[in-house]
Amino acid sequence: MLTLCKGEFSVERDDDRCIRCLVCVRQCPFDVHKYDEEEDRIYSDESKCVGCQRCATLCPTDAITIRYEPMEMKENANWKTYHLTNIYKQAETGGVLLTGMGNDKPYPIYWDHILLNASQVTNPSIDPLREPMELRTYLGRKPDLLDIEDGDELILKTEISPQLKLELPVMFSAMSYGAISLNAVKSLARAAAIAGTYYNTGEGGLHKDLYKYGKNTIVQCASGRFGISPDYLNAGSAIEIKIGQGAKPGIGGHLPGEKVLEEISETRMIAEGTDALSPAPHHDIYSIEDLRQLIFALKETTAYEKPVGVKIAAVHNSAAISSGMVRAGADFIVLDGLRGGTGAAPLVTRDNVGIPIELALASVDQRLREEGIRNKTSLIVAGGIRSSSDVIKAIALGADAVYIGTAALVALGCHLCQKCYTGKCAWGIATQDPYLTKRLNPEIGTRRLVNLLKAWSNEMKELIGGMGINAIESLRGNRLQLRGVGLTDTEYRILGILPAGE
Amino acid sequence: MRRIYVKEDVCIGCRLCEIYCIVQHSKSKNIIKAFRDEPRPLPGVIVEEKGPISFALQCRHCDDAPCVESCITGAMQRMEDGRIICDIDRCVGCWTCIMVCPYGAIRMDQNRKVASKCDLCIGEDIPVCVKNCPNEALMYEE
Amino acid sequence: MQKIAYKKDISGCAVSGILNTNGKKINGGYIIRSIANMHDRSNGLGGGFAAYGIYPSYKEYYAFHLMFDDLNARERCEEFLDKNFLIEKDEDIPTRKINTTADPPILRRYFLEPREEKLNKISEDDFVIREVMKINSDIEGSYVLSSGKNMGAFKAVGFPEDVGNFYRLEEYKAETWIAHGRFPTNTPGWWGGAHPFALLDYSIVHNGEISSYGINKRYLEMFGYRCTLLTDTEVVAYLFDLLVRRHKLPMKIACKALAPPFWDEIDRMPEKEKKVMKTIRTVYGSSLVNGPFSIILGFKDGMLALNDRIKLRPLIAATKKDFLMVSSEEAGIREICKEPDKIWSPKAGEPVIGLIGKGVVEEG
């Protein structure tokens, strides 16, 4: 069948600069570039180009420019190129359209409508280069009050639940070994260990080489239960039950059998070459009381020594669900917003299901406070955190910490070409092809992630110091440090912030 | 003595080491000129590849170097700092060195009829192949 | 005056406090002189005092100092009080007419006992707090200036010395006095917004601006407090009430929740102390009062003074025999005590605590 979908990119090669070194030919996993020896010339098949920029980045003479030049359809206000090409693809294949990474549609991004405060005259701003500035955060259930006996020495009579210590309120989101390469997971694990934070195994189990990073690991328990054993559960510092994911609320996961190679098979505890299918729900959790049973089963397995949290996709009634999760015993809850990423999701789900994380966060934090149970849990948000200022805004809205997934992958070299689901990631991140996974040197990956966290940490210190605050807990839920621009009254009410000028 | 070591698990087979080696040993040291306008020297580094496995191979600058011992003209010689170079004015192209090299790290320069190999980039702190490896698969260490 | 939406109380200020640790009483003249000597730290938009031990004949009753905008408010509030309390005695708060305090509101005091049938299983103190919150937020034009036993707060728009004169404070004798002169930059001069801010036995004067107000307020709201007085100082009073009275934390521990040591200090502490401090910071993070402050807290057993954790506002302490004096400036102390036995600058985040019958137990 003639395909009506043309490539989206043009490949421009400056022939004055091209030295026929063939780096582009060797680097492109999509076989865009081909060398013709007879003519001593490189031909590029633009229809295959995904815009990952690998060739342009590695070209030693800067001879290649990749431009986004989709076919110019006759669009109208209703029918966009997006709709037309999707229909062409479906008419040609009859399949559910797949995509990778997070929702890229122009839904409101509330971070970009929120501005931060700074101190002037009446309250000194604090210079983080000269004064201590604290980002350390403890995640876990806190009691309402402490029982401390005064005497010659203070006696603490309250034992508090296990806590996770974060040197900065940023962790790496759940990304499974399988969805991403072992080198990518190693980079995340080592960076978390160096920076004093945590990475999350996702539902891919824990590769034997990664047990040594257990202190900085949150192990996930998802609906497929891949790789779960008492050893696995006890290997990390916390356990996260994954109910849903921001990129694809309401559906499970699918790791195709061709990616289930020997080591993944061993790690996930499934036969080599079989599809790893995660059901949409946990089939032992059809209601909140079932969740409570799983939470306590996991706590029993780990002798109540580790916080057990629950992750959900941000959906319409997140606030009520969160309240239930806290009462069911979740020591931390994770909200994953509309813009959260994924290795593979049906396009229609990714682009249309869920709610923006900012609104979910604001309403959950407020609801838990109204019910007087906010201290019983820690609130972690994920899905679309792009910068240190997004982190600061999230914390001021009420989050204890954030998870970054896409941002971490971008630090590792991801160019957001959204082709993770093909398994051909040119940057060696979302692939298991041994020829490609080598491209991510975990030593470099670690360094890049540590640098990112260091840069964000310094920026966050500048921002809170400017507000006259020297400890992150004084920002947490402090919505008076936020002002909105260009929002509706309803949005101001839900976010619990004032418009700029008020 | 510092030598070049390879981490084959992160060598991505891009061959940028070869390209930068050629540039470094060209007349102009300009990448475009070196490839298009001038007689192109052979790279002193060769990327060996099979399937997903690849690694860059250069002269190991052996302590007990068979090439130096077997050279019939004394062209293959050890410098004071330990590196081994081939003096092309004295090389007669007998290829004995190529036969005795256990690593296959010496190549025939058919244009000039002399042996060609890695000289660890005389005049550079770090050999250019190491400096330009995009994935830090080459190390220059004691 | 009509209630306006919350605006943070941005102000510089003077604070001063005197305590006799043997419970000897002194008249209000001294504290007026001390605070008046720091005249330039106020701008005439608010001054106030709190005194402890001033109503010995009614020490079993909650002494409510109330302020009404008009007779209508007074009527509605008195109706409310009558419904919930037995009123042992009520009277005008004595004042003298002076030129500088324009338009005084109606100022009354009531000595009250909660009606037993209204308590409904909660403690008297919790009941009183709830009723105070109700009056402040629900009865328009009525404001409770103080509600503790055997103590009272006196405050007004004006310079503190004029306020002291207006309330005839030289006629009162108290074992603890605290005082405040206010320099607000954005809130309107409003009698209710002056310091001290008082709740039950706690009264507080505060020089500072609370950057963490937004979260301190939301934290307190979880425990039923309502912040209605257009000033961020009230959160400090509520925090002490929550931590010390309700959670029964030792006072110095409550101070560690408000102004905790830095993590790197905690990391270096001996194991036991480290665990206590780490737990306090972990559990009470939302009660950390961030931003510059010096505060003086009066309570029935004594007085406490505290700086923020990096000492961004001034605070000086001194002792002379059994007197403990604290003040924004040394001049505020020297004015009433030429030669103190000891005078020092308390460390950031370390409380100075004087207790009646026990002396100065923490020196800061």
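Labels A, B and C are assigned to the chains in the order they are written; within every chain, residues are numbered from 1.
The criterion applied here is as follows: contacts are C-beta pairs under 8 Å (C-beta built on N, C-alpha and C of every residue); 3 or more make two chains touch, one makes a residue touch a chain.
Computed from a prediction, not measured in an experiment: that's the story for all the values here.
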| item | value |
| --- | --- |
| Identity of the most central chain, Cα criterion | A |
| Of A-B and A-C, pair with higher C-beta contact tally | A-C |
| Chain B and chain C, separation of their C-alpha mean positions in angstrom | 81 |
| Between chain C and chain A, distance of the C-alpha-averaged centres to the nearest whole Å | 47 |
| For chain A paired with chain B, centre-to-centre distance based on mean C-alpha positions, whole Å | 44 |
| Residues within chain C bordering two or more other chains | none |
| Footprint of chain A on chain B - complex, ascending | 7, 9-16, 19-20, 31-32, 35-36, 51-52, 132, 134-137 |
| Residues of chain C defined as touching chain A within the complex | 8, 10-12, 185, 209, 211-215, 218-219, 221-223, 246-250, 252-253, 260, 262-264, 272-273, 275-276, 279-286, 288-292, 309-310, 312 |
| Complex interface listing, chain A residues touching chain C | 119, 121-124, 126, 131-132, 134, 136, 138, 142-143, 145-148, 150, 153-154, 156, 158, 160, 163, 369, 372, 374-375, 396, 467-471, 473-481 |
| In the complex with chain B, residue positions of chain A that touch it | 16-17, 19-23, 26-27, 58, 60-61, 428, 433-435, 438-439, 441, 443-444 |
